[in-house]
Every structure is written in C-alpha cells, then in structure tokens.
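Okay, so chain A shows up in both of these, paired with chain B first and chain C after.
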Partner chain A sequence: MIPIAYWRNRKLYTRLIGSRCKRCGAEYYPPVKVCKKCGSVDLEEKEMPKTGTIISYTKLTEPPVDFKDYSPIYLAMIRLDNGVTVLGQIADAESEEIRIGMRVMATIRKWTEDGQNGIIYYGYKFKII
Partner chain B sequence: MLYSMRLNSAILGYGAYVPKYRISTEEIARMWAGEGSGPNRMKAVASYDEDALTMAYEAASIAMKMANYPEIQAILVGSESKPYAVKPMGSILSDIFGFNKILGVDLEFACKGGTEAVQMISGMITSGVIKYGLAIGSDTAQGRPADDLEYTAASGAGAVVLGQPNGKEIARITHSVTYVTDTPDFWRRPKEHYPMHLGRFTGEPAYFTHIMSSVKLLFEETGFKPSDFNYAIFHQPNPRFPVEVGKRLGFKEEQLKPGLLNDELGNSYSANTLVALSAVLDVSKIGDRILLASFGSGAGSDSFVIEVTSKADDDDYIPLRERLKNYVEIDYATYSKWRNKIIR
Partner chain C sequence: MSKVYIKSAGLIPVGEHWNKSLTDLMVEASLNALKGQDGVKIDRIVVGNMMSGYLNNQEHLGALLASALGMKGIEALKVEAACGSGGMAVHEGYISVKSGDYENVLVVGVEKMKDADTQVLTKALAMAESADFTQVVGASFISLNALLMRMYMNKYNVQEEFLDYFPVIAHKNAVTAAHSQFKKAFTLEDVKRSPYLAEPIRLLSSAPSSDGAAALLLSSKPSDVEILASEVSTNELMISQRENPLKFEATEKAFKKAVEKAEINPSSVDFLEIHDAFPIVAALSLEAMGYSAEGRAGFDAANGKYNLDGDLPILTFGGLKARGHPVGGTGVYQIVEAYMQLTGTAGKNQVQGAKLGVTQNVGGVDTTSVVHILRKVS
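For the complex of A and B:
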C-alpha cells in the first residue's frame, strides 16, 4: 500500500464512509461521484451501518504478497443493513464456522503493515456476532 | 508522593474487550519446563491482526454505544505496548470515531496507564474544562519467552466514557488518590522488545506497598472502611496478589470475587483493572459502592471510589463474563507467530 493514498482514503477504510444521493436517496460504498440510479451529481458523505449479513464468502490460501503472513484469509460479501454490499475480511474466523446468512459487525483490525518500521494500515473487517 | 482529589465525574458507558484466543499456561510450561503450569490457567492472546489500538477501539465502541455516542472532547489511552513508539493512538482513535476538535493523547505507567486516563479525564470534567471524555487502557503485554512473566502477560482493553453527572449516569467517581515512588520492580528500555523485572521484589516493595498506601490514604480522606464497599477491585498480576492485598486491607472474599479474572485471562496490563471494572459493573446494583485500586510498576497506584447510580441502558450489551465463554485455545507455535516471537 502507499501511505499517502491510504491517508486520503482513511475515512472509507476505518469509518465505512460512502455516499448518498441527495435526489433519490441511493447509497453507495465505496462512494461514487455520480448516482448510478438517477444520474445526479448531488451526493453527500454517508457513514454506512456497521452491521450486515454474509451473502457469500471464500477462503484465500494464496493472498496477495502484503497479506501472505496472514494466510488463510476469509473474504466475504456483506449485505449491510442499508442494502449496500461491501467486500471485507472476516476476522477471528475458523473456516468451519462461517456460513452464508450469518450476522456480522464491522470492527477495526490491522490490514497490513510496511515491514517493521513502516506505516500500519488499519481498516474495517467484519466479525461474526 | 501522595496526593488526592475529590472528583465529580460520571461513568456514562463502559466496555471491555478480550481477544477470542487463549493459550493455557500448561502449554507454555510444556514448551519451557516440560510439564507444570503457571499461576493462572490461561491468558488471552491478541490475534495476528490485533494490537493495542484495535483492542482499544473494540472496548471504546462498546462504551460509546452504551453512552449513546456523546461529543467526546478528550481521548486518553493508557498503554505500554503502543503500535508506534512515536505516533499517538489517541489521534488515530479520534479520527476513527470522527472527533477532531479533541485532546488525543497516550499515557504510559506500566499497568496503571488506564486508570491514569480515568483520573485525568475525571479531573478535566470536575473542573469544567470538558464535558465528555473517553478513557482507555489497552495492551498486548509482552513476556520474554521462558520468563515467569510469559505465563501471565496477556492482551485486552477496557474503556469508560466519562461525563458530568446528569441523573442518568451508570456510576459516579467521587474520589481518587495516587501514591507514587521510584521503585525499580519492572522496566523496559527504549528499543527493547521485552521488559525486565526483579522477580520477587515485585511483591512487597512494589505491588503491596503502593496499593496499600493509596487505599489507606483513600480511607483517611473519605472516612470509608472496607465494609462500606460492596466490591473491591485490585490490580491482578496473578491470581494470588489481589486476594492477598484485599485480605491485608480487611476485605472479604465475596467483595473481591466478581472482579477476579486473572486465572482465565492473565494480566492485560493497562487494561487490567478497567476490564475487571466492567465485570463488576455488570453485576452491581444501584447504590453499590466500588473500590478500585490499580498498580503500575515503576511504581504507583491509583485508587478510586465509584458509586453505582443506575443500570446500563443498552439492549444489545452482552455482559463480559457471558462473552468470555466463547474462546478458542491456540498452541505455542501459533502464539509465537502471532505475537512476533519468531525472528526471520
């Protein structure tokens, strides 16, 4: 990861800040500049709900190099309580316990870090509730 | 040095976070002694993607929800295992919670960083400088492999949201005392991964002297005696010390028992007494009075009088001991990898 790019997007990663169309009310994560439903460019920042449901998941045994030490990683599609779907890791998960339909809650965990002396990248992950 | 302060701050929300993973002290003993165990049965271990900051967030989130997300003006985080040597957790947490006009600072005093945060924020509230503050203690405590400390040095976080009494608070903090001396019982030099300690010296001249001095002063200042308290919480470096200091001060076992967690969780350093406070507040009733006394090596002890005024108003809240039933035991190899004990 690049520290400055992470810093610019930190609200997305730690607070799940997305966007909401002021005209039709559609919500998005990650945020968009133009509403995909009504075409409006009048959107505002909107914090996404922190709870949702697993709609699909996979076990990643060969993750990207930044996440190699953390293998296996459990990646899931989460339908948040406002209907927006996000991709996220499941924290503290044992493979046999994850099920589609499980309720989850967003928390903050380490995503990765730039070695021993670099930046630590924190962001959302979901834990089973 | 002794000093005391009358306080008028309120606990509006509280939260404790203990990681899901445990290692048994039998497993640690198997590694280094072939058999046996430590003074405690298990200790809590942070997962590979957890550190003092993520655990602080977890505990604070529980406390903030219980307090109905007030406009926080100070976040003080006590820890001796900060993820960065220079870069405060206070500012990162402020940003995550969305508060920027705020005092966001880290504190360190071995195992009493968390209660220092409570004391300082209570002081700011009592004096009217701020309305709401968040005090956190969080640590991924380090114990050198094969050292006595490895059996107990654990992970966890505790948090309280403090504000001015408003009639709806969970408890009031009415008095606090601190006793501090220069005592070399435990220390860690810059750039060192593991702390050093003077073995049995950590008992009498350190733990017992400082806790007993601060609690006795608290009794002198307030006129209270052990029988005036429904519960007493003492720092728990192992299962034996808090029971022994309670006995010496005149407390009975039933006053101590609800807060005793070391046997199953180990010592989460700055979080230690705040995690125990959560367990006690979970079972306390309106009108109960709690004595809390922390201990930090180096050395010092903060004591508090806490009076319970109402029950938490949060339907989603799950009591700490209920949450502790869900844990997974790991082996020494996994623990070594997750807690950076393997050099590559």
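For the complex of A and C:
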C-alpha cells in the first residue's frame, strides 16, 4: 500500500464515490474521466449504492505480501444495485456460506496496516445481509 | 513493406536456475539463437519482460543485453505487457522488420522469478491489474482467474473437472519436451487431490513460477518459417469493468485481425500454442478463437480434440502449465516452439505434417492479447 495514494483515494475507498456521465447517464466505479459508453468528458461525482448481489467469489489462501497476515481472504465480484460491478472482500464470512446471488451491503473495515506502528488502512468490504 | 521470417531460434530449459542471473538467462538464450549466424548484422534488440524492476532490482534490459552481448551501439529496448510481454516483444520485432527499416532483429523474452519470495511474487503479478482498485482490496492475480472460473462453472453448469483436463493435456505433452519444467504426467484425480490456491483453482491447475529465456532472430531475408500475421488487441484493464467477463474480447479481436491479415482459414491450423495460465484462461481463449463453442472447451478437451494426436493439438510442449511460465519469456517460448513444429525439429512432440501454427499470449486476464500466425515456407 502506498500511503499517499491511499490518502488521495480515501473518499472512494470509504464511500464508494464513482462517477456518472452527464450526457448518457452511465455510472462507474472506479470513477473515470472519459465515458466508456459515449466518449463524453463531462462527468460528475456519484456515490454508488451500498447494496448489491454476489456474482462470483473465491477463497484466497495465498494473498499478496501486503495482506499476508489476513489469510484467507474471501474475495467477490459484487453487482451493485445500479448495475456497476465492484471487486471487494466479504467481511466476517466463511466460504461455506457464500453463494452466487446472495445480497450484500458495503461496510467499512480494516484492509491492512503498515506494520505495528504504521498507518492502518480502512476501506469498503461487503457483508452478507 | 517487408515480409518477416524467423531465421533462427534458441531457448534454455525452463525451471529453477539458482546459479544463473537475469542477464545470464538472456545471454544464454540469445547465444543459442545466434549459433551459426556469425555473419549476420543485428539492427535492433527487443527484450520482453514484466517484473525485472520489482523482482530483480533491474531495469534498462535493452541496453543491458546489448552490452552483455558485446553489441554496444545497437538500438535496444524493453517492452512490457504483463504476462503478454514476450508476445509483445515479438510483435515489436515483427513491425520493425516489416517496416523495412531493420533487416535483422533479435527478440528475447525473459523472467527471473525464483529469486523472489512467493508473497512478493504474488504482489508483482497482481500489478497486471489496477494498483488503486484491484491490489488495494487484497486480490491476487490467481484470484481474478478464480472469480471467472466460478462464474463460468455457474453460467454453463460445468463441473470443475472438465476444465482440469487442460493441465492433464499440458503435463502429458511436457514429459517428452527437453526444455519443459515438469516432466511428469498426472491424472484428473491427481489434480482433484491437490489443494485449492483460490477456489476453484488448485495447485495442480495453476501455471508455476519459473526462470527462463527464449530468443528469436527475425529477418526480412527469406527463411524456413514466415510470420504471416502479428496482431494485438486490448480489453478493459479490470475484469470487473467488463460487460461480459466471460468473453475474451482482446483474444477474439486479435485472432480475427490475424486471420484476415494472414488470409488463412482457421480450420486449416495444425496446432495452437495458447495461454493456459489457468484452465479457465485456456477454455475462454479457445472459445474466443472459435475453436470450441461457448461453455464447451472443457468437454472438447475431455473428448481428446486437443491432444497431441487429436484434431487440433494444443500446448505441444506442455504450455505455461508444464513447460513452465517465465512470465515475460512465455510469449517468445510459444513462438520458438511453433518454429520447432514448423521446421520438423519437435522430436517426440512433433505434430505430423505441421504447416500452419497459431500462438496466443495474454497479459492480465485477456487484458492484452497477442496472436501470431506462422507458416512453414515450402
């Protein structure tokens, strides 16, 4: 994790701020500067809905080095209620209980930390509702 | 515009080269490719590599290799497209020869992975997707492929075991390949007994980490093998941003462009070297190129279509899974292997009467796809 990059994106990571095209209405997370549907550069900030549906998931037993203390990680692709798909962790889960089609809600959890005295990084995870 | 030929090729065995450096790997593969080419003046060097900066504290591989080969002064550069770096290097070499500005170009693909700790390597491979939105949530590269595999199994109602025929085919072919990392065949039962790394992807269904380098001398002077087409396409960087993540659009487009440029009928292809990093990648690649119907690639594999003695042999020396996957080297290995098939030097792995071959090398999860079509010059 790069501390300044995290700071720059803190709003996105805590509130799921994406973008919406003012011309065609397409919505995006992560936010974009150019609309992929119509090519417009006239976009505004848009907060994503906090509920959605699991469209795929996996239990990851060998996460990357920044997350090595948090194994296993339950990772999912979530289709939010506005149709935007987000990648995120399922919080408080066991893989046995996760299913495609389950409803989830975004919540704020600890992602990782820079050692014992370093920064703690918080951001969205999804919990089953 | 010049035509582009493969004048010679060289490689080193894929594996664990503890006593060789990144530079040693590149130099050795280059010298193997340049054996017997003493009079040839090389005009350009292109190196394909993904992770040398992060894993080996080394960048500037173009100048490094030129210097190490005693060729200072020559134009040299590195190209990067994640796991597609090797294929992209061949593409860069191809367009330089085709332009007519360069007569002979040396292309080298290399990766030195075994020096790195597994978790560091896992982080490095995840750099194929977004730092800000993929890596921050703890995703690894393999987990992205696992998400697609689960989605595929759910959509087409396919069992895991049908997809796991791909590693079985790969390992069977690698047994007799002199340069392969694993010379051990295994059964579907062996795959099923191995642990999950990211459900539903298992240890024995994942490509390994490897050290390796392969090299090609491309030339505008006619030779035994011609590169009929070299095409590249890209997809959305992140799988979560794709309308249909189960469609490998980059591979579909690159393959379609290549078939048109080469003016071939896809059904006349004698063998395919595909990017089988994971079984789901093999399946979606074959479906994107139209060789299997959607949702059916695993069944075709189970029915023997893709065996070395089947209708359309794939992974003829073991592919990424069993020949090994030195990431930035892989795309060049594929083309060296196609060269061996087309020059009748594939030994026990020879596809009889091979005249036309296709290679497909992807970076990320089909984020970049590089397709080459090669023909034996008669």
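As a working rule, the second predicted complex is superposed on the first by the 129 of 129 C-alpha atoms of A that agree within 3 Å, B and C clash if a C-alpha of one lies under 4 Å from a C-alpha of the other, contacts with A are read in each partner's own complex, and residues count from 1 in each chain.
The rule we apply is simple: a residue touches a chain if its C-beta (ideal position, glycine included) is under 8 Å from a C-beta of that chain, and two chains touch if they have at least 3 such contacts.
If you're wondering where the values come from, they're calculated on a predicted model, not measured in any experiment.
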{"item": "Room on chain A for both chain B and chain C (clash or fit)", "value": "fit"}
{"item": "Which superposed partner A:70 touches (first chain B, second chain C, both, neither)", "value": "both"}
{"item": "Which of chain B and chain C A:92 touches, first, second, both or neither", "value": "first"}
{"item": "Which superposed partner A:120 touches (first chain B, second chain C, both, neither)", "value": "first"}
{"item": "Touched partner set for A:14, first chain B, second chain C, both or neither", "value": "first"}
{"item": "Partner chain(s) touched by A:110 [first = chain B, second = chain C, both, neither]", "value": "first"}
{"item": "Spatial angle chain C-chain A-chain B, Cα centroids [nearest 10 degrees]", "value": "150"}
{"item": "Touched partner set for A:1, first chain B, second chain C, both or neither", "value": "second"}
{"item": "First, second, both or neither for A:24, with chain B first and chain C second", "value": "neither"}
{"item": "Between chain B and chain C, more extensive residue contact with chain A", "value": "C"}
{"item": "Distance in angstrom between the closest Cα atoms of chain C and chain B, superposition on A", "value": "12"}
{"item": "Residues of chain A at both interfaces, chain B in one complex, chain C in the other", "value": "70, 111"}
{"item": "Chain C residues within the chain A interface of the complex", "value": "117-120, 122-123, 126, 130-140, 142-143, 146-148, 150-151, 154, 195-201, 236, 238-241, 245"}
{"item": "Contact footprint of chain A on chain B as seen in their complex", "value": "19-21, 47-51, 53-54, 57-58, 61, 83-84, 92, 95-96, 98, 328"}
{"item": "Residue ranges of chain A in contact with chain C within the complex", "value": "1-2, 5-6, 9, 13, 30, 36, 55-68, 70, 73, 75-77, 85-89, 95, 100, 111-112, 121, 123"}
{"item": "Interface residues, chain A side, partner chain B - complex", "value": "10, 14-15, 69-70, 91-92, 94, 107-111, 120, 122, 125"}
